[in-house]
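As structure tokens, the structure follows; a few thoughts come after it.
The first chain written gets the first letter, and so on, giving A, B, C, D, E and F; residue counts start at 1 in each chain.
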Amino acid sequence: QIAQELAVANATELVSKLTENCFEKCLTAPYSTNNEACVDQCLTKYMKSWNAVSKAYVARIQEASTSGEI
Amino acid sequence: KEIAAFLESENSKQKVQMSIHQLTNTCFKNCVSSITDSNLNAQEEECLSSCVNKFLDTNIRLVKGLQNSQ
Amino acid sequence: QIAQELAVANATELVSKLTENCFEKCLTAPYSTNNEACVDQCLTKYMKSWNAVSKAYVARIQEASTSGEI
Amino acid sequence: KEIAAFLESENSKQKVQMSIHQLTNTCFKNCVSSITDSNLNAQEEECLSSCVNKFLDTNIRLVKGLQNSQ
Amino acid sequence: KEIAAFLESENSKQKVQMSIHQLTNTCFKNCVSSITDSNLNAQEEECLSSCVNKFLDTNIRLVKGLQNSQ
Amino acid sequence: QIAQELAVANATELVSKLTENCFEKCLTAPYSTNNEACVDQCLTKYMKSWNAVSKAYVARIQEASTSGEI
């Protein structure tokens, strides 16, 4: 059950950051036009960025723990 | 059981309140450019309302997009 | 007592966002002058924005739950 | 009772600490424009001190304004 | 004991996840300037990976600097 | 033990704000160069700012509680 709560916390954090970033990149005041194509592209691009960041982070942490840096 | 229902309902009221705090913060920053008096002009009022709707549209679209990609 | 704690959490959140936004809009580095009139107008304007956002948010949520969108 | 008093005092010390973290963050961003050496010059030091005082002035004025509007 | 070990391991997995959320947020904002399609180009991918590494370098350097100053 | 947890929370908050601010001031996308000298200067400058802010904050709070302002 704890694992499930953590999964919910993770999904909530992801949705919150996604919404913040894609709203910022795809819509601007006075918000008179929609930009759904941009939102869809932003979703894909953000998830690809998430993967790239994870890969770099995990690689860096492994390297650092092997070399005794941390 | 009554306590559980009370907590559940307080919890969802609280989530709504916190969403409104966050949306007011985001939309005030984007729609109200300077403080020259204490009134919202028609343009700012329109912008705030669009901002809320477009933010929620974006949020719902992203959640559906995430669900479809799984 | 829980309801009271939530009310305190709400008031704290409101004061924190208000201070952040009105400080940002009314004062600028090097902070050599006061701007109390602006702070007072900003307070009124922020509370009006809070009401406008709440109205739009509640309307949107009701519409979405009627149409089965969420 | 001693435990309660200890917790109370730790709690308010912690709030002061967290306020100082937040103020340092805000005022550093606004008063320190670039890092050319490791010293604060007189202008930056003056700016940091004004920033703290003006931020607290704004906060107190807003809280009083909210209380009067009720 | 097994429960404690399980909680400990969930806790550190969760910290890694939250770091990745924060890094994706920071690096996406700085490396992805506009959404014109849904792909990361080579330059953006390179930037994201450097951003993660430089952010962790900065973090580790600051922690060591703080420890040395004590 | 509580005091220790609070000290950890404080140190975590300090490291997090330090990293955010010094990363922002010393490194820019596409993150192709290091800037370790800047990070070291930024650490010292941030800690000096932290002290200046603490001093101003404590003085202001003492003054306000003496004059009965808060």
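As a working rule, a contact is a pair of C-beta atoms (placed from the backbone, for glycine too) under 8 Å apart; a residue touches a chain by one contact, two chains touch by 3 or more.
Keep in mind that this is a model prediction, so the values were computed, not measured.
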Those chains which touch chain D and also touch chain C: none
Duplicate of the A-E contact set - from B-C, A-B or C-D, the pair where over half of the pairs recur: B-C
Separation of chain C from chain F, taking each centre as the mean of its C-alpha atoms, in whole Å: 27
Distance between the centres, which are taken as Cα means, of chain F and chain D, whole angstrom: 11
Touching two or more other chains - residues of chain B: 31, 51, 53
Chain C residues counted as touching two or more neighbouring chains: 14, 22, 26, 40, 43
Chain contact graph, described as a line, ring, star, complete graph or other shape: ring
Traversal of the chain ring from chain A via chain B: A, B, C, D, F, E
For the chain A and chain E complex, residues of the former touching the latter: 2-3, 6, 9-10, 13-14, 17, 20-22, 25-26, 38, 40-46, 48-50, 52-57, 60-61, 64, 69-70
List of chain E residues in touch with chain A within their complex: 7, 10, 13-14, 16-21, 23-25, 27-29, 31-32, 34-40, 44-45, 48-49, 51-53, 56, 60
Interface residues, chain A side, partner chain B - complex: 14-15, 18-19, 22-23, 26-32, 34, 36, 39-40, 43, 47
Residue ranges of chain E touching chain F (in the complex, touch as defined): 26, 30-31, 43, 46-47, 50-51, 53-55, 57-59, 61-63, 65-66, 69
